[in-house]
Amino acid sequence: MTYTDRELMVIAAAREIGDGELIFVGMRLPLLAFALAKRTHAPRALGLFENGIVRESPAPETPFTISDPPNIAGALWSTTTGNIMALLQQGLVDMGFIGGAEVDRYGNLNTSYIGDWKRPKVKLPGSGGGGDIASLATRFVIIMPQEKHRFRERVDYITSPGHGDGRDWRRKVGLRGGGPSALITTLAMFRFHPDTKEAYLVSFHPGQSVESVRAQTGWDLKVAADVGPTPEATHAELEIVRSCDPQGFWTR
Amino acid sequence: MNRERAVKSYPGRPDCVPARPRSILGFVSKLTSLKDAVARFVPDGASVCLGTGLEAVIPFAAGHEIIRQGKRDLTLIGPISDMLFDQLIGAGCCRKVVAAWVGNVIAGLGHNYRRAAERGVPHPIEVEDHSNFTLALGLLAGSLGAPYIPTRSLLGTGILESNRSLKLATDPWSGEPVVLVPAIVPDVSIVHVQRSDAEGNCHLWGTLGVSREAALAARAVIVIAEEIRPREQILADPNLVLVPSLKVAAVVHEPWGALPSPCQGFYGRDHDFFMRYHEESRSPEGFRAWLDKWVLGVPDWKGFLDLLGTETLERLRVKEHHLSDPLDYGAR
Amino acid sequence: MNRERAVKSYPGRPDCVPARPRSILGFVSKLTSLKDAVARFVPDGASVCLGTGLEAVIPFAAGHEIIRQGKRDLTLIGPISDMLFDQLIGAGCCRKVVAAWVGNVIAGLGHNYRRAAERGVPHPIEVEDHSNFTLALGLLAGSLGAPYIPTRSLLGTGILESNRSLKLATDPWSGEPVVLVPAIVPDVSIVHVQRSDAEGNCHLWGTLGVSREAALAARAVIVIAEEIRPREQILADPNLVLVPSLKVAAVVHEPWGALPSPCQGFYGRDHDFFMRYHEESRSPEGFRAWLDKWVLGVPDWKGFLDLLGTETLERLRVKEHHLSDPLDYGAR
Amino acid sequence: MTYTDRELMVIAAAREIGDGELIFVGMRLPLLAFALAKRTHAPRALGLFENGIVRESPAPETPFTISDPPNIAGALWSTTTGNIMALLQQGLVDMGFIGGAEVDRYGNLNTSYIGDWKRPKVKLPGSGGGGDIASLATRFVIIMPQEKHRFRERVDYITSPGHGDGRDWRRKVGLRGGGPSALITTLAMFRFHPDTKEAYLVSFHPGQSVESVRAQTGWDLKVAADVGPTPEATHAELEIVRSCDPQGFWTR
């Protein structure tokens, strides 16, 4: 059974969700990943949304944005953005998903400025809740398309803090959250070294190889000793993903 | 004239004790047209908070009226603002943006925002970068009349560098670093709600975002309501009242006034409209054409709805109603 | 055991990042007897926030159970607490009081509070003086996970001297003095509400006081409800939910559980009961007699209500019902 | 028509309320004063209550406490204590009423400790919202029984700040509110000197005199040049007060 990179990204993301965990979800692929996890290995996971929503189960039909009425009806709680972010700052949120325009070897994300922020080449939309999730969640997972120009040795601007310049940078700057635990791209999957906190390749998606992934990475990429193909998407997983995205708006 | 004072714009960091909107107090009807409300309470140079419900209840009707009236030098304050800030920036109404995210949520980048920030087209804008949490905390501080609120978010980020309004400090108890977020006090907050009475006692439910903090922090509030209800019906649930009516400067009855964004219990999101805007606003000419058609080419919101067409409204209208259990406020 | 951790007492200033109440998460019914809830979630030495609705919805049923179980060394946190703290202090359950006001609102001084603070009877207590605003801000900071919140209240007062938890500081923008109120994080907050489901999704309306901040700030919450409702009925109004159920450790169905304080829509205040308590608690012996009769002399809240008598309940029961307009959460 | 000292106190307090003003009301006599003002010269005044209530009109029957259900039904707003106090800190509240166990010549109030707070002779209930109103309201009015031992040269402990030690003390300590504007007692009425900020006698109630009031004042009392009897309670005023307190629970 064939599937798209995005479908595999959703499935890989879902596998990062533990049962009973509090997950800061957000839009697009993470929303599908949350729906998948709930219907497979994490039935007791809870989803948080920055518009003020806590949901036990995803909306019956996948909303385009987190504020679409179907995402509010049937919520466990509909409160203020501040009260949701407060759960992050209280240290209660186990994991959050973040995307980015640029990432570097330590998992720092830039969604603000390409080039010098004083005279930007490109003005990106900004943090949204990304900077808060990256700062405060117990761990976070990065989901983004992989292209060499997006995978930088050093990002121009840190919007969402990863591991800074590595090692105990987060502790030194006073960040309480644990930082990025995984990086899921259109080509591969990365984790972060427990000591150096540098991203390393753990698996490549179908049709990819260590070399093809390295070719789309803007730094001298470290590779796991046991690197191999990303675990296949199962038939059951794909059926759920497709039932949540029948038009393939997100995953095609 | 007193009213003007209530929405007078303050240079630099807003003072966190708002001017008392004296003339706003009192129990006259504040029902007015959107035209009058914008003309009187959104002066050039004002700081205006709108889009407080994140992707929902965005006051597009008010935004379009601000564009039609050619307001200038506004400071736009809001968390993610979706498409609205991009429109106001492209139309040349905006001098400064205080936001966590500016663009088109479903489609990504905001073309006008990029043109203004990268090339000064139609003119340069100042950007004050926030996260959703720091923006919410700034408005919360404003609503409390507190000078600032500390947070542990954004430590080590570029936002602390590019946003000079944030200060790095030390928690005197733990000795750990904290970020101080100064109070944000909009001259006027524009909130879209489901129902209000003529005085501005109003009910908002569904997605709240930062709507309550924004309304409480502001020197004056413009309420845009789907329905105007008798006072007794609103005050039958005083816990749900969003903001005390003494803060409300004007009440505008503008059904469908948040389209193409959704309003819980009334209508859904017009997804296609956001997608089409994203395509049509790629070039300055394309945006101009969009603006001429949807905003400048119509006299008012009614005109916008006519363009949108009754089929679209019918498609978006909520048809499955889910009513909450009433609350008993009985006292004896 | 995990549950114990969730309400473990922290010495000194409470850490403003509460322990994750892991075992509390999940969708099992948390319905339990008041006896079990107090036995499990109010350990000796815990900091307990109660009386968060000021003069209304005071959880007297829970307070009396705490006394019956002979809990010791509790830190009591609450704004004005009315008669409840005086009872807990007189019964010897309390080591420290963190409050803005302790006494009997309608009658004045609290005799047990005076005896304990002035003469160490039944034993000495530590007093942390607050105002209603600083207590609310401390709980708000706790609910935000923020280390503190600054205020301009209480400058120049003795409270800054006698309450060593408050710090005088300088607003780095204006250079003006501010008072920093540290986060208050109760080990457990006990809130009385009108209705809840078995998981702790609950609705409170009428007087809120600091109930929301107290519930959000606490490491664990005990919900005492007048009515247990099916989950769908509560979630039909998610905006009204007081606190996410993941914070709730136990749900107790205890009708009339706030008496003699009032509960909007259910019953009024038993004024005479407060007046009689004030007279009877003037002497330690008098208080002892009161305690023996109303608390230690009965096995549970049902016993208290029997003593109170059905005529009293019938007199206090709300008979004129005033229902709010339902909210439409329709989504399509 | 005869009346009690407390009835006159209510009437004098009501006269301190301006039309269209935001008044922090509280319990007991101030609640009656607010009701009276609304029905006479200040129909557009608004009342705030620290339990989270904003009312346009007083409850149909005078409640014993501000949290009695009749004080919530029909409110303009029922919110949190914090949101009400926030209106004070925003500088929007024109006037608040405060009582006290002890007051001094500069209008400082003590409701916390008689004697040294470390070893108190009497432990009083504490601030409640009093310290906040005194700190933050544009002005406040003190209502309390007058006895020599309560009218101290200097209070043992400042719970609710008046004018400190006089002059520009409030500005020096950083208080934004204007401080006490009037002191209404069972015997007389006082105001505060615009420069020295010291309390001085402006009028005495029926049966009192400058001497009798001075005899119940614990400091060298200043007296207004035009001191005289407190303006009489009118028949209309008394009828309203008595209709609000038919049992005379508060005013007898």
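For reference, chains read A, B, C and D in written order, and residue numbers begin at 1 within each chain.
Assume contacts are C-beta pairs under 8 Å (C-beta built on N, C-alpha and C of every residue); 3 or more make two chains touch, one makes a residue touch a chain.
What you see is a predicted model; the values in this text were computed from it and never measured.
Steps from chain A to chain D, taking the shortest chain of touch contacts, total 2. The geometric centre of chain A is 40 Å away from that of chain C, both derived from CA atoms. Separating the CA-averaged centres of chain A and chain B is a span of 29 Å. Chain B and chain C have CA centres that are 36 Å apart. Touching two or more other chains at once are residues 53, 68-69, 72-73, 78-79, 82, 88-89, 176 of chain A. Counting partner chains per residue, chain C has residues 137, 144-146, 151-152, 176, 178, 205-206, 208, 239, 264-265, 268, 318, 322, 329-332 touching two or more of them. Chains touching one another, given as pairs, are A-B, A-C, B-C, B-D, C-D.
Residues 27, 50-53, 64-69, 72-73, 78-82, 85, 88-89, 110, 112-113, 117, 120-132, 135-136, 157-161, 164, 169-170, 173-176 of chain A touch chain B in their complex.
Interface residues of chain C, counted against chain A in their complex, comprise 16-18, 20, 22, 25-27, 143-146, 201, 216, 235, 238-239, 241, 243-246, 329-332.
Every residue of chain D that touches chain B in the complex is listed here, in rising order: 20, 22, 44, 46, 53-54, 56, 68-70, 72-79, 82-83, 86-92, 176. Touching chain D in their complex are the following residues of chain C: 53-56, 79-80, 99-103, 105-106, 108-110, 113-114, 117-118, 127, 129-134, 136-137, 140, 151-159, 161-162, 176-178, 205-213, 261-262, 264-265, 268-269, 271, 318, 322.
Put simply, chain C touches chain B in their complex at residues 13, 137, 144-152, 167, 169, 171-174, 176, 178, 180, 182, 194, 203, 205-206, 208, 229, 233, 236-237, 239-240, 264-266, 268, 318-332.
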